[in-house]
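Structures given as C-alpha cells follow.
In the two assemblies presented below, chain A is common to both, partnered first by chain B and then by chain C.
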Partner chain A sequence: MVNMIIDGKNISAPKDTMLLAAIRGAGISVPTLCAHEAVSRSGSCRLCVVEIKKGNRSRIVTSCLYGVEEGLVVDTKSDRVLNVRRLVMELLLARCPESDVLQKMALEMGAEPQPRFVADTDKGKCILCRSCVRVCEEVVGVSAIGLFARGSQKTVGPPFHEQSDVCIGCGACVYVCPTGHIEMISTGEKRKIWGRRFKMQPCDKCGKFFAPVDQLKYISKKTGVPFEELSVCTDCR
Partner chain B sequence: MIKMNNTQALRQFQDDLKRQYDPKKKLVTICAGTGCRGYGCIKVKEELEAEIKKQNMDVEVRATGCFGFCEKGPLVIIHPEKIFYQQVKIKDVPDIISKTVAQGDVLEKLLYRDPQTNETVMKEEDVPFYKKQNRLVFGQNGLIDPTRIEDYLILGGYSALAKALSGMTPEGVISEVKKAGLRGRGGGGFLAGIKWEGSRRAHGEPKYVIGNGDEGDPGAYMDRSLMEGNPHSVIEGMIIGAYAIGASEGYIYVRNEYPLAVIHLTMAIESAREAGLLGRNILGADFSFDIKISKGGGAFVCGESSALFASIEGRAGEPRAKYVHAVEKGLWDKPTVLNNVETWANVPLIISKGADWYASIGTENSKGTKIFSLVGKINNTGLIEVPMGMTLREIIYGMGGGIPKGRKFKAVQTGGPSGGCIPESLLDLQVDFDRLYEVGSMMGSGGMIVMDDRSCMVDVAKYFLAFLQEESCGKCVPCREGVRRMREILEDICAGKGEEGDVELLEHISTGIADGSLCALGGSAPNPVLSTIKYFREEYDAHIRDHRCPAGVCKALITYSIDPEKCTGCGLCIKVCPTQAVSGEKKKAHTINNDLCTRCGACIESCKFDAINVK
Partner chain C sequence: MSKVSDIKLKTKQIVKKHKGDKSALIAVLQDIQEAFNYLPKEALITVGDAMGIPTSRVYEVATFYNAFSLNPRGEHIVKICVGTACHVRGASAILDKFERTLFIKPGETNQDQKFSLELVNCVGACALGPVVVIDTEYHGQMTMAKVDKIIGKLKEGAQ
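Presenting the complex of A and B:
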C-alpha cells in the first residue's frame, strides 16, 4: 500500500493502481468521459486532471494514467484543475450542443456554454473519446472502427466510412459511448449500425430476436462452441 | 571501402587518406544543399566539370553540404585560396575556370559585397555573415561530399568513436557528456547525459537510440542541412551514444519530404556498415549496433517523442502520457534515448576535444553552439552556428545584416510555432535555453523568423495557430478544440469582428490548454498568442476597439490610398493592379477605387516613390 494526501485527507491505496481509482476509492468524485472500465485508458478527455505536489513542484496530471506514489499530495479541486475542466466542458458543449449528458455534467460543474464559441452542427454527440474504437479492438477483437484524419478534422467510423466487412453488429461501441452518439436501430429481425444492416438470430426456444447472426458466428468461431448451442437467448439458457 | 577491424586500422586508413591528399591541389567546392539546388547549383556543377574537361585540367569539383549562406546561393569556393563566390550562374563558369582556377585571378563581380562598406570580400571567413560564427558542428558541411565516407574520415571522422571504444568505459562516456553540459537541441533542452544515464540504468532489452530528424517548424531547416550535408556526424554521435547506453539498435526518424537527407543518410549508413563502423563488433570491439531509417509522413506532432515512437511502431502518430519516461519505456516499451540529430552531431566533438573544452563555450547553463535558421524579413537568410549566449542583436544585425529595405525591426519569433515573439526592447537578450524561456519563448529547434514593421502581430499569432490547428493530432480535447477556437477568435479580430473581452478569453483558453493538454504540442500551442498579447497588446486593442490594423496587414481593416504629393503618375501601379482599381492620367497623381481594391499589395511592391499609403 502507498500513502498519499488527497484533498487534505490521508488515503492509502494498493501499489500499481491509478490515481483516479485511488481518489474515487476515497469517496471523492472526479468527472470523466473517456475512462470506461471495459477499455484501456486513452487520457483524451482531460476531465480527470488533478494537481499533484512533490516537494515545491506542482503540476497537472491525468489521474486515470498516473500511478499512485508514496507521499504524493493531490488536490482534485484546485483552481488550475477546475479551470481545465471548465474549459474542456465549454469546448465540448460547443462541439456537441445537443448532448444531454454533457449539459447535465456542465451543470454539475458550474460550466456554461461560452457565447463566443459558434456551436458545431456536424459533429453529432461524438467527443472523440475513442472508447468505441478501443472496445472494438480490445474487447470484441475485430477493429471494425477506427479514427481518421487528425486535429479538428478527426472522425470515428469504419474504414472510408463505408460498410465494414468485419463489423459483427454487436453494439459494444454503443454500450461504451458516453454521450449516446452511435446510432443503433434494432427492429426485430434487423439491426442497423455504422450504415450496415445485420440479420438478427431468433432464439430457438422463445423465438425472440436477440443477437446478430454475424456476432454469434464470430463467437462460435472464436470459442469453438457450435453455432446451434449459441442460438438460445440468455433468458432461455 | 575496406572493413576496419580495429581502431588501429581506422587510424591507418585516415593516415593513408591524408598522405594521398595534396593541400596545394586545386579544388572547387560547390554548395549542393536543397536551397542551392533550388537555385540550380547542380547545373552549375555540371558546367564546372565540363569546362574543366574542356580545358584539360586536373581539378576536382566537389558537391558538398549546405554552406549556410542561402541568401546568396549558388555558392562556390575555390581552394586552396578559399576564394568565395556567390550567386554563381552558368555563364560565369568559363571565367571561373580559366581565370580563377587556372591563373588565380579573382573575379570581382562574383565576390560578396558588404552592403555597409560597399567593399568586396574575398574569403568566406571574412564575410560578415560568417565572421562571428563558430561552426563547430556545421563547418565541415562545406568540405565534405556527403556521399563519400572518405571525406569525413580525412577530417578525423570516427576518431571520437575509436577513442570511446578503445579508451573509455560506457560510464566514462556518459560522465563526459554530462560534464560537457550538452542539452537537447530539439526543443526541450533536457541534459543529454542525464537521459543517457537513465537509459543505461533501466532494465529491458534491446535498448534503442533514436535520432530525431522530424524537423517541422515553419522556416527551420538546420536538421535537414545537417543530415544532408554531414550525415556521418549524426551517425557517429549515435554509435557513441549506443555504446554508452548499451543499445544495440537505432533509428533515424526523418521526414519523407527531405528526400536528399534520406538518400544521404542511407548511403552513409551503408558505407559505415561496409567500413565496420556499424553492425557486429564495431571496430573489433565487443559492441554491436546498427541503424535503420524510419521515414515519417510529415506530421509535425511526430517530432514529439511518444508520437514518434508510435509512428516507428507503425501506429498513428499520436502522443501518450509520459509519466513513465522513455529512457525506461520508450520504443516498443523498451529503454530508449531519443535525441535530436543536431544533439547527436555534438557528441563526437565532446568526446574528441573533451568536456572541459566544450563546457568553455556558451553560457552558464547552455553549453556549446547552436545552429539557427535565420529567415523572414532579414537581409541574410541562412543557417548560422553561434555560441550560446550571443545576443539577438548580434545575430539579426550582425550576421543577418539587418532588415531589408531599411525597414524597422519589430519582432523575432523563436522556437517555431510553439515559441514566442520577442520584441525590439529585448534585442540584447543573450540567446540560450533559459533566457528565451524567461521571456515567454523557447529555443525549440532553433528557428528564428524575423518580422518588420509591416507584420501584424495578431495576424502572426493567427498564422501560427492555424498551423498548430492543422498539425494537432486531435487526441485530447484542449488542443483539438481549444486551438481551433482560439484561431476562430483571432480570425474574427483580424476581420474586424473582435469583441471586448476577446483578449481575456484568449488568455483563459490558453491557460486551460497549457495546463490540460496531453503533450507538449498542446502545452506550448498558446505561446504565440500569449507572447504577442504580452508584448503587443496595443495591436490587439487597435483591431478590436478601433477596427484598425496598425501594420496595415489585415485586409478587412485597411484602405489603400495614393499620396498625390509623392505620386509621379508613372503608371506602374495601374499596370500591376489585378483588379483595375487604380486610375489616373500619365504624369498626374493616380487614385485608388477602394470598392475594387483587394489590398493585395502589388501596387506597394511596384511603387518606386513610396506613394501608396495604407491606413
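Presenting the complex of A and C:
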C-alpha cells in the first residue's frame, strides 16, 4: 500500500493504481469524460487534472494517468486546479457547442463559452477521446473504427470514411461515448451505425429483434457456441 | 503499374522485404509511397491483411503523417518552404509565383500529372532561404526568374 494525503485526508491505495482511482476510492469526485471503466486510459479529456506536491514543488498532472506515490500530497480542488479545468472545459465547449453533456458539466464548474475560442460547427459532439476506438479494439476485438488525420482535421470513423466490412454492428462504441456523438438508428429488424445497415436477429422464442446477425455470427465464431444457441434473446434464455 | 493486382503484388513484396514486422509499418508505407508516388487504397488494405494490422490502424498512420499522400501525385513534387526564415525572406511571393505558373494550389496536382505543390515548414537550410525542394533537389535563394527557369527545365526533361 502507498500512503498519500488527498485534500487533507490520509488515504492509502494499492501500489500500481492510478491517482484518479485512489481519489475516487476515497469518495472524492473528479469530473472526467474519457476515463471509461471498459477501456484503457487515454488521458485525452484533461478534465481529471489535480495538483500534486512533492517537497515544496507543486504541479498539475492528469490523475487518470499518474501512478500513486508514497508521500504524495494531492489537492483536487485548489484554485489552480479549478482554473485549468475551467480552461479545458472552455476549449471543449468551443469544439462541441451542441453537446448537452458538456453544457451540463460546464455549468457545474462555472465555465462558459469564451468569445476568444471560436466555436466549431463541424465537429459534432466528438471530443476525440478515443474511447470508442479502444472499446472496438480492446473489448469487441474487431478494430472497425479509428481516429484519422490530425490536428483540427482529426475525425472518428471507419477507414476511408466508408462502410466497414469488419464492423459487427454491436454498438459498444455508442455505449462508451461520453458525449453521445455516435449515431445508431434501430428500427426493429434493421440497425444503422457508421453508415452501414445491419440485419437484426429475431429471438427464436419471443420473436423480438435483439442483436445484429453479424454480431451473433462473430460471437459464434469466437466462442464456438453454435449460432442456433445464440439466437435466443437474454430474456428468454 | 496501377492495376489493382499489380498494386497488391508489389505491396506484398514490400511487406515481405520487411519480414511482416508490425513495427515496420511506417517503413513499409514509405516504400509503398516510393513505388507508387502515393498510397493507393488497395495497397493500404493489402498491408493490413498481410501484416495482421487492422485497416483502421493502417489508415490512422497513413493519414497522420504529412509525408504520406493518399492521392496520386505528380511526377515532380515541388515543396515550398514556408518556415519562419523563408517566410521572412519572401516565401509567400515564391509560392504565389508557383501557384500562378502551375495553376495549382498547395496540396494539388496539375492536370497532366507533372507537378504537385506542397508546403513544408523549414527544411533546415534557412541560410539559403527562400528554399524550394523539388523532388530531392534543393533550390536556394529563389527568385521569380529562377522559378520560370526551373519549371521550364523540368517540363523539357519530362517530355
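The rule we apply is simple: the second predicted complex is superposed on the first by the 237 of 237 C-alpha atoms of A that agree within 3 Å, B and C clash if a C-alpha of one lies under 4 Å from a C-alpha of the other, contacts with A are read in each partner's own complex, and residues count from 1 in each chain.
By definition in this document, contacts are C-beta pairs under 8 Å (C-beta built on N, C-alpha and C of every residue); 3 or more make two chains touch, one makes a residue touch a chain.
Predicted, not measured: the structure shown is a model, and the values here were computed from it.
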Practice problem: State whether A:Leu87 touches chain B only (first), chain C only (second), both chains, or neither. | Solution: first
Quiz item: Taking the superposition as given, does A:Pro159 touch the first partner, chain B, the second, chain C, both, or neither?
Solution: second
Quiz item: Just chain B (first), just chain C (second), both, or neither: which does A:Val61 touch?
Solution: first
Quiz item: After superposition on the shared chain, which partner residues are touched by A:Cys206: those of chain B (first), chain C (second), both, or neither?
Solution: neither
Practice problem: Name the contact category of A:Arg150: first (chain B only), second (chain C only), both, or neither. | Solution: both
Quiz item: Where does A:Ala38 make contact in the superposed view: on chain B (first), on chain C (second), on both, or on neither?
Solution: neither
Quiz item: Which partner reaches more residues of chain A, chain B or chain C?
Solution: B
Quiz item: Do chain B and chain C touch any of the same residues on chain A, and if so, which?
Solution: 147, 149-150
Quiz item: For chain A, which residues count as touching chain C in their complex?
Solution: 133, 137, 142-150, 158-160, 164, 166
Quiz prompt | In the complex, chain C residues that touch chain A | solution = 41, 44, 54-60, 63-64
Exercise. Would you tell me which residues of chain B are touching chain A in their complex?
Key: 299, 301, 316, 320-321, 323, 469-478, 480-482, 484-485, 488-489, 499, 501-502, 505, 508-509, 511-513, 515-518
Quiz item: So in the complex, which bits of chain A are touching chain B?
Solution: 42-46, 49, 60-62, 65-67, 80, 83-84, 86-88, 91-92, 94-95, 114, 116-118, 127-128, 130, 147, 149-154
